[in-house]
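Reviewing the structure listed below.
We call the chains A, B, C and D, going by the order they appear; numbering starts again at 1 in every chain.
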Amino acid sequence: MFRKKLMPLFFVLLLILSGCAGFKTGDSKSADSGDKVVIDFWSFWGSEIRRPVIDKIVADFNESQDKIEVKHTFVPWGDIWTKELAAIAAKNPPDVVINDINATALRGQKNQAMNLSRFLEKDDISDRFYEELWNATLYEGDSYGIPFNTDTRILFYNKTAFKEAGLDPEKPPATWEELWEYAEKLDVKNGDTYDRIGFYPLWGVNSDVWMLNSDGKNFFDEDGVPIIDTEANRETLEWVMDWHEKYGANTINSYKSQIDSQQGNPFFNGKLAMYVNTPTFYTQIRDYAPDLDFGVAMLPEREPGSGNTSWGGGFVAEIPQGSKHPEEAWEFIKHLTDVEAQEYWAVKNFDNVANIKAAENAAKNSEMPDKDKVVYQMAIDNMENTLLTPVPVHAPDFMNLVNPELDSILLGKKSIEQGLKDAQQSLEKLIEKSK
Amino acid sequence: MEEVEMAAKKRDEERVASAPAYFDNIHTKRKLLSLINFILLAAGSLLILSPIWWMISTSLKSMAEVMTYPPTFYPHEWNWGNYIKTWKAAPFDTYAINTITITMLVVIGSVLVNSFIAYGFAKVPFKGRGILFAIVLSTMMIPGFVTLIPQYVLFSKLQWINTYYPLVVPAFFGSAFFIFLLRQFYMTIPNELIEAAKIEGASHFRIWWTIGLPLTKPALATVAIFSFNGAWNDFLGPLLYLNDENLYTLQLGLQVFKGEMNTQWNYLMAGSLLVLLPVIILFFFFQKYFIQGINLQSGGK
Amino acid sequence: MRKKLNYKRMEGLQGYVFILPWIVGFIAFTAGPLIFSFAASFTNYNITSQMDFIGFKNYENLFTADNLFWTSLYNTLYYVLFSIPLTTAGAIFLSALLNQDVPGIRFFRTIYYLPAVLSGVGVYLLWMQLLDPGTGLVNTALGWFGIPGPNWLFDPDWTKPALIFMKMWSVGGGMLLYLASMQGVSKSLYEAAKIDGASSWQQFRFITIPMITPVIFFDIVTSLIGGFQIFQEAYVMSNGEGGPVNSMLFYNLYMWKKAFESFDMGYAMAMSWILFIIVFLITIINLKLAPRWVHYEGEER
Amino acid sequence: MSKIVLKNVYKHFDKKVTAVSDFNLTVEDGEFIVLVGPSGCGKSTVLRMIAGLEEISSGEFYIDGKLMNDVPPKSRDIAMVFQNYALYPHMTVFDNMAFGLKIRKFQKDKIKKRVEEAAELLGLEDLLHRKPKALSGGQRQRVALGRSIVRDAKLFLMDEPLSNLDAKLRFQMRAEIAKLHQRLKTTSIYVTHDQTEAMTMASRIIIMKDGVIQQIGTPKDVYDNPENTFVGGFIGSPSMNFFDGRIVNSQFIADDVHINIPEEKMAYLREQGYAGKELTMGIRPEHIHLLTGEEEAELTNSILSKIIVSELTGADTLLYSMLGTQEMIAEVESRTNVTAGEDVYLTFNMDCAHFFDKETGVRIRPEKSAVLVG
């Protein structure tokens, strides 16, 4: 009986579907409306907060002129780049894609992103952006993506807890030593467990950020030579290990899994007094713990004078290799990274933008509440401390080799000396191999 | 059928051995086994359901409560409105229709075509059958990533990007997993049945249609459910091949709740549960096809 | 001289007609990408800018200069070795329980099938919470029995067991297969066994198990193939990094990183062919061993 | 009208195993041929080749003079009953029986008429709407028969159709099949490993071993004149006694026992050079008689032996004893009160004894001309 039912059903379905939109072949882009050139723009901004903002920026651009029509498509976070890569390989890519800033040079080297020099020769817009960001887009002197937004790492601290512990809420810790002292005072122990933890450095960031902070140096020098086995890094890891011993693996892992899973954060209800994260973490405090009295500060220095170096990243707008309308795409990118769009983005999303002027305007924007302004200003101020760690083009997967060594050290399976030495060696081997 | 898992069985046996003749009574014994079985299943259900309870509970919390540390076991405030908000956060109506369209076609294709192919591999002798079947199996062994790019390029050349063809058409050419599965089921059909039909004058096509299909109904139901599941939950396919948001599917739609920095857990869980619901309902009612299975041996001994 | 088409040859032709959809699909959609990926494994292909022939260098590097290759292979073998027997036995056991006449059996079946339907990133993130060493449900539950739960995803010794544990949760998919196949077992066989005085366990062991061996075989072969390709759970649960001390760096995850993070596609393709050979050999061994224990009712005597 | 001929038919599997070799047979219209032999002797393979389920490796197969080698089963106009009946489990009895007719596009009312006729013939009228699983073994067997009958095929093939039935049902169905054949007169080929079925049903029996025909003949023929020790041993129950011995002076000497050979038998044995040689003597149990008096024993060709087991089968009694070191069974009247342990005199009816070549097992015949097999 089910065979008798199935066949007719099948044909009826086919009939209906032949008229369905999903079964019309042909290049969707060929359906250009009138004289306008339609360009495809892919981003991963689909949430109810971000989507309206980017849509507005796109709409503004579409209205501002009558030659180009931007079609914005949301593609899920993370997977967007797999899709982009496939589309580039098929020579049918979109015209503008938002991508990770740290791998821009790598994509330039691999010929995935278009060399933007020919546009920049006509309109040099490089001075719009923070220098560190702009440099990250360069491969052999040419830019392959235009910075859109960025981030940095700052210290959030609970002022109420500070007061309870007898600390001055307007005087956040300035050095690693102070951080430790403060944490000692902020800790509230209840038997074997903690009611409040003062601070733990590896929640929110990894140990590489602290190694960067310790001496302002990345794992590679300017010439791409690995410099991981250094005195500063050894000291940093010793310091991290001190924290590790202080709280013990059980407590640390339990909190960490909660923080990593992006569900629940002990900082919100005062169970954690100090926490390092991006300035945009503020939006979560604002939304989920509106009563929390907190302050923001730069990352402490390892020792006075060693610098408050922080770590950042961000996203660029790039034109994939093979785009059919690079000129029009460039026009749109210019709009996307110009002051007006950037300021709008910054204010509406409370996000750090790459455009310096837009960022500064945003910090003063009347739409921003005072508390927002304080954090935002801190983010801007921290930009000069902020370093990026672009993916080295000759060893893009070096973290695969470094991470396990760092893990082993933290798990006590290797000594700090041994771990760093091994990391250094395997990086040297990797560089050697790829040359 | 009376087979019961070991532990319960052993316990039962011990009891029977030591107990008075009362337990020798077949009905009592059967009832006892059934009770043990029920208790085991119920206990197991709790294990299975607890993660799902977590989803449900999260889906009803406010984001502020989701972010509370330590996490709460049940919502303090039941935000039923989350479900409506979730559905409205993106054009989920359209996504649902799209997903149903794709899924229906994939299921029909999978059930019909794989059964057809599997019959050939199981019941029609031909030269090179073994080698071809080995090739079928080996296509399962190549990791999908490495063919992802060339396959995309291929579909792009066919002008199939941004259509449902790459998602639907391959289902009409068989999948190794289903071919293998159905072949295993066909192998349990006695050859005598096929031979009898041959002698009665039926062609292989007729035998497949009148004997093969009805006799493998439980397996076809399995294929239907698996392929439904696969198409319904497919993420990578729609992600790669659909460029127009009007063509997006539910799984792609769910991704709007996940951003680069934070995730709207309550909506994501509500959305996941909503997307899950039709599958569960379908399964619940489709089960009868397993239960009314066909006794292949009943024609014989 | 043209050979006369006798009816056996005609039957053979019919066989090709049956598998024609697969052949067409294979040639149209699979063969090209496969050949391409094989060829590319001998090049430095990076998808976008280069594809130069470099002979066996990729393969050579894999075996001689890449520790992570061996790490990922070890991790994958570990996972396969433990997860396959556990999930297979679990699924058979579960389907035996679910194949009984117990009140509410349809609900139970649906419940146990639930995890198999729930797929995707959301579930893995959910499990990260459940496996939270401090406040997670798993360790909380273990605590009730006085068992101190391990650090699961933070302890390199426990990451893989955690994934296997998670896999056990969703044995419902396999359960479905076994349930379908158990319907084909004749009641009269059980009746005969009962008359012979077989206990429930003996009936299960000597009737049910042999009669469903074709599906057990299917399950083992396909889960082996699937097990070697474990990816998404590790990718999500280790934030794409491979977990503490690379303990979750499975073969496919490493391959993915090579292909889509370092864009060393040629290398990834070489890796995929090595995996293919490993899985292929294991499958061949499986197929060779099959006649010793797989019982096909439809087989020639 | 259908006459079938198989000429020099061979069947090889995988080019290595030869399942059937040099099979020659002519079946006249209306005959009921039974292929009998131990399992693995190739009898089912022969049947399957006739049905078209197996390819004929070499040789020719004709139905009514038409070469059928390359004709597909559906066009051979045959019907077949399978050992496990091969009923379609998802179809009712009616549909099972109607299946072949439907495929041959018979009109609906005609199908109905034929099925009902067959059902009546087999007493299945009340079961037509049932499915096979709701039938008893005997009923299923009838449906399988019915399915073949409705087709009104030229040739009727049966592959051990009774082997799954219990003894009583088997007996009953055996008679029914025989009756059916008498009524329908369809040429039939029947495969069994049970020699009793073969003896009772066949118009001619074909005994096979290791893919080779051992003997073809009427039941009486093969019983009385087995072509070789295999046939002699296979046909008949209890089976024929065989004794190894030698011929000395018109006497067959096995161990210490001397038995006189009748002169006419001795004549051709001598003629063919068996005098003084080792050979095998075969004698059926019913040709060994029990003697009562000692005097009688001295007069006739008799031996004294100790009974090991005495078995009453109903009409007869089986006496197990030893001839020297070789086992011997005698089938005697049931009324004799011989018990185990008793010493009795047994005599051989040597006119009914057969002599077989010790090397080849072939029966030594009066004329030297025929060597083996027809």
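Quick notes on this structure:
Quick note on the criterion: contacts are C-beta pairs under 8 Å (C-beta built on N, C-alpha and C of every residue); 3 or more make two chains touch, one makes a residue touch a chain.
Just so you know, these numbers come straight off a predicted model, no measurement behind them.
With centres computed from Cα atoms alone, the innermost chain of the structure is C. Between the interfaces B-D and B-C, more contacting C-beta pairs are found at B-C. Farthest chain from subunit B (centres taken as the mean of C-alpha atoms): D. Averaged C-alpha coordinates put the centre of subunit A at 88 Å from the centre of subunit D. One simple way to say how far apart two chains are is to compare their mean CA positions; for subunit B and subunit D this gives 54 Å. If each chain is reduced to the centroid of its CA atoms, subunit B and subunit C end up 15 Å from each other. Mean C-alpha positions place subunit A and subunit B at a centre distance of 37 Å. Subunit B has residues 69-71, 149, 190, 203, 214, 235, 258, 263, 294-296, 298, 301 in contact with two or more other chains. Under the contact definition stated at the top, the residues of subunit D that touch 2 or more other chains are 52, 72-73. Residue positions 82, 85, 89, 255, 258, 262-263 of subunit A are each in touch with at least two other chains.
Which chains touch which is summed up as A-B, A-C, B-C, B-D, C-D.
On the subunit B side of its complex with subunit D, the touching residues are 190, 192-193, 195-203, 206, 210-211, 214-215, 294-296, 298-301. Interface of subunit B with subunit A (complex): residues 58, 63-64, 66-71, 89-90, 98, 101-102, 104-105, 108, 111-112, 148-149, 152-153, 156-165, 209, 213-214, 217, 235-236, 239-240, 242-247, 252, 255-265.
By the touch criterion given at the top, residues 4, 6-8, 10-11 of subunit C touch subunit D in their complex.
Residues 51-53, 72-76, 78-80, 82-90, 99-100, 103-104, 131-133, 137, 140, 147, 151, 164 of subunit D are the ones touching subunit B in the complex.
Across the complex, subunit C meets subunit A through its residues 46-49, 61, 65, 67-68, 125, 128-129, 131-136, 151, 153-156, 239, 241-242, 244-246, 249, 254, 257-258, 260-263.
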